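Both complexes below contain chain A, partnered by chain B and then by chain C.
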Partner chain A sequence: MSTQKLRKERIDRGIKVRSDGLYALMSWRELSYLTLPRFILIAGLLALPFLIPGMYWQRVISIVCIYAILALSFDFLAHYVGLVSLGGAFFIGTGGYIAGILNSYFSIPPVFTIPLAAILGGAVCTLFILPCLPLKGVYFAIITLMYPLFMARVIEAFDIFGGTDGIVGIDSFSSAFVEQYFVIGMLLIFLFGIRRLVTTDRGLIFTAIMDNDQAVKASGINITQYKALAVFIASAMGCLGGACLTHIYMWSGISQFALDFSILPIAATVIGGAGTLVGPIIGCLILVPVSEFLRDFGTLRIVFYASILVGFILFRSDGIMVFGQRKYEQFERWTKI
Partner chain B sequence: MEILVYGTINSVSLALMGLGFAMVYGISRIPNFAHGALYIICGFVTWTFFHKIGLPYSISIILSLGVNAILGMLMYRFILIRVRGMNISEIIASYAIGLIILEGLRFGGFRGMTYTLPVFMEGSMMIGGVPVDYHRLIMTIIGVLLITGLWVFTHYTKIGLALQGMAQDEQAALMLGIDSDLMAMLAMGFGAVLAGAAATLILPLGNIVVESGYHVLIMSIAVCIVGGLGSWMGAFFAAFIIGYAQILTSVFIGSHFQMVVAILAIILTLILKPSGLFGQQKELEERV
Partner chain C sequence: MTDPILRMDNVSKMFGGVRALKGVSLDVFPGDVLGIIGPNGSGKTTIVNSITGFIKPTSGKIYFKNKNITGKKPHKIADMGVTRTFQIMRPYYSLPAYKNLVIPLFSPRARRTGGWRGGGSLGNRQTVAIDILEEIGFERDSYIPFKTASTLPTGYLKRLELARCLSLKPEIIICDEVFSGLSMSEIASMVPLIERLQDDGITIVMIEHRLRELFQVANRVMVLNFGEKLIEGTPSEVMADEQVKEAYFGSEKVEEVMTYA
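Showing the complex of A and B:
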């Protein structure tokens, strides 16, 4: 046994340090170092409809983006506000049903139902979650997990809104092109909007609430109000996704409250990298197509993504995005102790 | 009278479902979302031993309880131990394990109405003018015995006392030489056995279907939340409250609403009194 021990050391790359400061504006190299990753993401998402062949996979693009919006809202709520909501399905279902009702009962065109569903749905979800905002940790997680189940059972038991059949005959988007670019555009707007939001003063308060709510309360800030605002933002995003889903499938039903919508975004967040905001989107881009590939195997796909989830939680709990970021910004070398 | 008899039976079966969940959470603070999966897998393992291998019914039950215990302990030893203390990771990991088991079983062909276990004893008798079959009666009696047995076990045996010590204060238990990981592993094992016991008692009344795994999970969460997470007595009383509430709603309103009642109980309890009826958690811990 050699007594010499080595340790891995990580140091920021020179270009990263330079581009942190004003130097970034002085050279194309630094400038592109900063903008290239963002450009690749934006251009890649925008180019997706042209790159993917076939009707079936074109549809998958929209589904990926809806899941990505949902995962984004989960990530924002969980890692920037500290409310771990397992109720993604609640947001999707509420938005989906509101869009369905507005369109089929009041015959409002999709142009208006989607924003209306986002705002109304956000308000409804916030109202439901408002009483349980003081809860923490497991308790909040359990109650948000229960809401979609509750809604599904209520709709089934009272036989309202079409009961188990759901609302049928809802208008679709005018073309597949509009549909895809609408969801991709919304995803990009939300992504960069949330990134901006978390660095503003409001975002700072959100993060502070996550770190130490007592301290925030002691500084005279109404934390319930801020938490409600955060829940509204996140649930409006989810509801918008739900409304798009309703118009894509021309149908809204109980299966929009299914656990899939709660679990897959979480899996995507864990895989992509929690707290990075881009990570969940990358996670969705990987997970959703893979689970579509496995659709022929029936429930095996759930087994598959649950196994990936367990594996990532145990062995790579920081996710792909954090790993990639580290490789991009730092280099590693072995040094003697 | 009918309400009284069937309410009691329903309550005891709910208590059986919830007991394992309450035990695991009480001791190791892990919300075991794979509880429903352990319940179902025990049913299928018993079915396999009994129908495929052809062992006697009693032996196949005992063997499948053993399998369940090992499964629970392995789950803790290799997976949950790594995320212990991180609430959300615990939920996600255990739920994902539950999904793997349940959907794996469904993929493995265990679906449809063909899987049944025989009842312990055929026939029925009248109790106060209400016909009750022997199996339900046996289930109730064994359930009550099991719950009292568990109480005696945790109060008068060394392992039981160690488990209780850990439930009360893990740090102090560690100082007194109680191996907390071993105890948590044992607790998972016991929880799995309780889930299995509930399965072998309740499943002969109907078909073994994968979906009921989710149902059992929700019911056991309902029982534990209403009773107060981590409190076994609470879980027992809550089972009676929810059990009677379910029977009353199904008699007076409609059987569709049984599940609504359970979920509503969870939501209302969490909003009004998160620590539950007999919760040991301090208010400050769960509320801001």
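Showing the complex of A and C:
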């Protein structure tokens, strides 16, 4: 017999209710309640290059942002379109190699290679994934996991694009400052762009495909076309990240197809909160620096890393963002049953 | 006599070794309410699936307005105005009821034709969606159109299925058991709705187990048994037919069974 006499009750905060409607515009308090979290995120990201000391950690900022873009694209595909993609490494590698080839063989400056790599890379990735779009769930995940392995082996076996040495001597960004602000800017644009996209009528179709693709077909909408569009958006984001990575390291090689790029964004999404879009970015802000700190432990690194992940999955399976949002919007109290 | 709007010509479907449909032919004329009845497993849903392109018939042809639509993709057929409901409701569970209709209103067909009562081309699809929901029986000034589909009761989900068809400004609606799982009073309120759709000039094909209500709205009925057409005729003709009784009650003495039933 349960002898529980109290239960926890969650109630929306008054300020949350007030700022839901037009009333929000009438007082600074409600306005700031709405805008402050977004402002903190934007200002925090923009201030990062000034707050972080040292060359080494400055570089980590850019890496964090690239991982965050990847995690954002994973979250969009998995929780708004219903395609669980493990193709992060495929996107990064394709984008990275395209930027490397364009810069090194055709000497196109980074200003053009990065957008070109995003668009061309997005098209290439979409073409590769197009035949497996009817697949769902685990099967789609396996196919997208196979592509980066496939590409790396092809480059190695045929010794194309520099083979195992990779493409060297690629131009870097003009300064560390430009590099950091470019990736931070792109991250913010993608974040707010995707957030806007998923609430438009066209974005609703993505969610509808995830919920029930048969009903979307019965509504006279070509679902393959929309899935391809979603994959293009996500892979173009990933390819842009890959192109930035190439220019940051002035090198593109097989290790850009490493599965880290597929796995870490998923871990970050789990920690940050699936389906929140901001969550994966927060997850990356935690996970990437943690993995840098853990370098001192050598091979034990992966053990610590895995323990953190397991802890999160067990005790905070809804993620930091969902938890934080709940605390921000609701208060809890004990009531008698 | 006018041309049939929908015509099935000797359609067969094999699932492995099972013949789900054996050479079914069927003419549906504009303005018809055609009922299709038959025992479980007689191939009713297979007919819906083959007309709307969800499965490809093994042999035979299907024509819509004299155009061959056999084996076309489901979204192409829906785009021509042949819409369907699903027996097991397929709403978008994570979206509110009115946003469920934004998807069909965004489809190429709705944008081309203007949608139901001119909804598709207007900027605000969400308002039009609420209009359609009101027409189909969602109380306008309640919170029901704004409830998430996963929390709606069966009656509303069945209506939502019909509303999705309506948003496409359909020429034909094929209803796959819209009455099943509803209470008597809910069915009673659905019947006038079907009649109103017929008045709007929409051709309706209904697959149904609820014979009484079906015979009330249908002007022609086809009976299927083991994938074959038993009989086609007016409701009264069908009701009087011995073969139909046999299919439903078995081949033993019909009178005897009827007394127990």
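Basically, the second predicted complex is superposed on the first by the 332 of 337 C-alpha atoms of A that agree within 3 Å, B and C clash if a C-alpha of one lies under 4 Å from a C-alpha of the other, contacts with A are read in each partner's own complex, and residues count from 1 in each chain.
We adopt the following convention: contacts are C-beta pairs under 8 Å (C-beta built on N, C-alpha and C of every residue); 3 or more make two chains touch, one makes a residue touch a chain.
Note that the structure is predicted; figures quoted are calculated from it, not measured.
Once the two structures are superposed, chain B and chain C can be ranked by residues of chain A touched, with B on top. Residue contacts after overlaying the shared chain place A:L31 against neither chain B nor chain C. In the superposed model, A:L46 makes contact with neither chain B nor chain C. In the superposition on chain A, A:V322 makes contact with neither chain B nor chain C.
Using the contact criterion defined above for the overlaid structures, shared-chain residue A:I223 touches chain B and also reaches chain C. In the superposition on chain A, A:A215 makes contact with chain C only, not with chain B.
Contacts of A:T207 after superposition: chain C is touched, whereas chain B is not reached.
By the touch criterion stated above, A:T299 is placed in contact with chain B alone, chain C being left untouched.
Within chain A, the residues touched by chain B in the first complex and by chain C in the second are 214, 217, 223.
Those residues of chain C lying in contact with chain A across their complex are 52, 54, 73-75, 78-79, 83-84, 86, 90-95, 99-100, 102-110, 125, 164, 167-168.
Remark: chain A residues 78, 84, 86, 131-132, 134-139, 141-143, 146-147, 149-150, 153-154, 156-157, 213-214, 217, 223, 263, 266-267, 270, 297-300, 302-303, 306-307, 309-310, 313-314, 317 touch chain B in the complex. By the touch rule above, chain B contacts chain A in their complex via residues 31, 79, 82-83, 87-89, 91-93, 95-97, 99-100, 103-104, 106-107, 218, 221, 225, 229, 254, 256-257, 259-260, 263-264, 266-267, 270-271, 274, 285-288.
By the touch criterion given at the top, residues 201-202, 204-205, 207-208, 210-212, 214-223 of chain A touch chain C in their complex.
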